[in-house]
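Labels A, B and C are assigned to the chains in the order they are written; within every chain, residues are numbered from 1.
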Amino acid sequence: MPEPILQTEMLSKHYGGLAAVSDVTLQFETGQVHAVIGPNGAGKTTLLNLLSGEVRPTRGRIRFQGRDITGLPPHVISQLGIGRSFQRTNIYPALTCLENCWIAAQSRERTSMRFVPRSTRDGAVRARAEGALRACGLADAWHMPAGAVSYGAQRQLEIGMMLATEPELMLLDEPLAGMGPDESLKVVELLRRLAVEHTLILIEHDMDAVFAVADRITVMVNGKVLETGSPERIRSSQAVQEAYLGREEIA
Amino acid sequence: MSFYLIQALNAVQYGLLLFLVASGLTLIFGIMGVINLAHGSFYMIGAYLAYWLHLETGNLLLAVVIGLPLAVLLGLAVERLAIGFLYARDHLYQVLLTYGLILIFNELQRILWGNDPHGVPVPDALAGSVPLTETQSYPVYRLFISAACIAVAAGMYAVIHKTRLGMTIRAGAANREMVQVLGIDIGRLFAIVFSLGAALAAFSGMLSVPVSSVYPGMGEHVLIISFVVVVIGGIGSILGAFVGAMLIGFADTFGKVLVPEFASIAVYALMAAILLWRPQGLFGSRTA
Amino acid sequence: MTMTALPRHVLLGLLAILVVLIVLPMFADRFYVQLVTRIMVLAIFAMSLDLLIGYAGLVSFGHAAFFGLAGYALAILQRDVELVSMWTTLPLSLAACALAALVIGWFSIRTSGIYFIMITLAFAQMLYFFFNDSRSFGGSDGIFLYQAPTLELFGTEILDLGRRGELYYFVLGALVASYALARMILQSPFGRVVTAIKINEPRTRALGYNTRRYKLVIFVIAGVLAGFAGYLNALQFGIVNPAQLSWHQSGQVLVIVILGGIGTLYGPVLGAFVLVLLEDFLSHLTEHWLLIIGFFVIAVVLLLPRGIASLLEFRPSRQPVGGEAEVTVQEVRRA
């Protein structure tokens, strides 16, 4: 069996007395969609923050493609091929949608320390940015200021910016948050397409979406992993149902 | 030995005067989120009011008693008429506006009292010296300054930790938006805090006149040093202002006597060192 | 990408000002030629600070450190190393500023907000007291420059910068060149990253950029440009002294940038002209002109929220120029 693209060993994050994430040991297989679900406050976003380097672990290790990436800063992790979309929309409101993706796409150039406006690389960067915009469904909003488009479009841009960095592993924090049913369908379609050639780690509360795309599901409660398994396993798990206790209809 | 004792007493006295000014500044910045460059001007205004009222009445104590409420009123006026329009705006515009205020206050001072420095004699009741050792004595008035500052500090502590207003102030320093959301009249709170800050600076200026005299531009020097104190101590922290003021008081006083060529640099080097070790100041929170 | 395209009427306004500057020496008396030269130098200094404040979001209160340091470098090179040519003294002075900016920036960029303001002030103050309290650098009196640096090519003098008229046009050229250079840098891939950092630094980091490094580079660029202004300043007045490194000098240029309009590059240029010309005009009317300037500054803050530059941006109609929404982006950015 090929090595998992990402593994964590006893990963923990403590804030003073509070254990946001506790002894999380997980394997994420290449090419799969791995969803992380759980009630609010379960530590899911903190886990993602640990994986993307926004937060440094108190204990434990993270390995990406066999390489130890524990404690590396976010920009290094991004350059290694791990992309991140955020739960709270984290874009450049004053720039156009194209400019948002342009910055993202430009990050994959060998260096951005170029001080002359026109560069032979502009074509490649533009292609990457436009491709990302088309992929995330914003083909008609290129020149609109990102701060002026609808919330749903901003969430799509959030994903588009990540796509423009061409990551192998994608960390998506509640991509469907706040979306209506039509927009959600579009994004689920996008996730399905992405899953073909990339590995996805996905935090979501929308259970329909989770069961539509996930290959494996991890349930977290109070910072710990409760259970990991196939969607069918999780759906029928007694422990998981108790954990949710009437908050979500899983079956 | 007694030489160092005298320098230490000087350092404490200087530090305590700085503390009054800095605590006003840290409150204004910490609670209101306003960078007030004109804070040094209140120090100067206090000093000039003391000088002028002493000229009119012949009594320094009377000058302070009349002058302090005037300074408070002035602070209130500045807050209502100028600063109040800038709460929502970027710090840089507060910098610009209060810079304009500095120009105005400085020029008004020149118009009213001219370019020459003036002295005010120490009040008779506080003149004279207290013997420290067989050979050295220390001026009573300087001890009085320290005592007065400590009294004010104790009063501030009592207000901030034992009264409702103080609780609101502490809450505001920790989380301004929360205080607003809780329905507390932010306008009234800001007016009180600003006037309090102005009063502290003015009082410090008044106390210092018999030892440092009044002169044009005296506000700017205090301003810069107070910002250094506030930043060292951590924005919004009165304790930080106290510790910072003491550190600067000692660094400056002993620096001048031990390494005069580097004394001026010492203060800034100290601040740079502290900021590099703790980027939010000694007692500041990480959200500045 | 059209992130920083100028609206047409702003461009026209700036061109008009340029034309006035070109013909000025032909009808103005020598005092004003000298004054405008001084303003143009100040304008370059202000632009360099706008690179930091308006485009990188780094508010420095110690920018005069580089302004004064370049002047001192020139004076020392002239006095102690006996270099007289601009071809040698200018690059060396700028190199000194770059080095200083690298060191100061490396330490300062670890902090942010008011702490960054104060630590940049601290370094500038340390440099100020170093020169002020020194004996070998003239102390508080400073150092005289016995001659203006020469500008020679193959042994013949191109310009005699000791002459007022030639100095004026040299400085004007320097101003235009500096502006063009700054705009070029801002529209480059590097400039895009810096702009992104100002809008949302954490996101820029998450996208794979070492933001600290970019901030350091723009800090050095701004320091070198400030040094260029300081070099010209020393050249014009023939003297360097600690006041050029003082926090008053840092404060003055900061006020000019905010007054003129942060993040526009041409705003600070306008700010320099308005403030200095106003000072000159008022000082003939009354000896208490500082009072009026104080009220003027307050009035601008309250009435012109985006500085004097916003006057130039007055739009008769809100139609976008051309097909692309460049103006829309511009509007959003200005809001």
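Everything that follows uses one rule, which is that a residue touches a chain if its C-beta (ideal position, glycine included) is under 8 Å from a C-beta of that chain, and two chains touch if they have at least 3 such contacts.
Note that the coordinates shown come from a computational prediction; the quantities given were computed from them, not determined experimentally.
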Pairwise touch network: line, ring, star, complete, or other: line
Chain located farthest away, centre of chain A as origin (C-alpha): B
Centre-to-centre distance between chain C and chain B (centres being mean Cα positions), rounded to whole Å: 33
Mean-CA-position distance for chain C and chain A (Å): 43
Between chain B and chain A, distance of the C-alpha-averaged centres to the nearest whole Å: 50
Junction residues of chain A - those touching two or more other chains: none
Chain C residues touching chain A - in the complex, by the definition given at the top: 1, 3, 184-185, 187-193, 195-196, 199-200, 202-211, 214, 217, 324-325, 328-329, 332-333
For the chain B and chain C complex, residues of the former touching the latter: 29, 35, 82, 85-86, 89, 91-93, 95-97, 99-104, 106-108, 110-111, 224, 227-228, 231, 235, 261, 264-265, 268-269, 271-272, 275-276, 279-281, 288
Chain C-touching residues of chain A, taken from the complex the two chains share: 52, 54, 73-75, 78-79, 84, 86, 90-96, 98-99, 102-104, 106-109, 112-117, 119, 121, 125, 143-145, 147-148, 161, 165
Residue ranges of chain C touching chain B (in the complex, touch as defined): 53, 59, 107, 110-115, 118-119, 121-123, 125-126, 129-130, 132-133, 247, 251, 254-255, 258-259, 262, 288, 290-291, 293-298, 300-302, 305
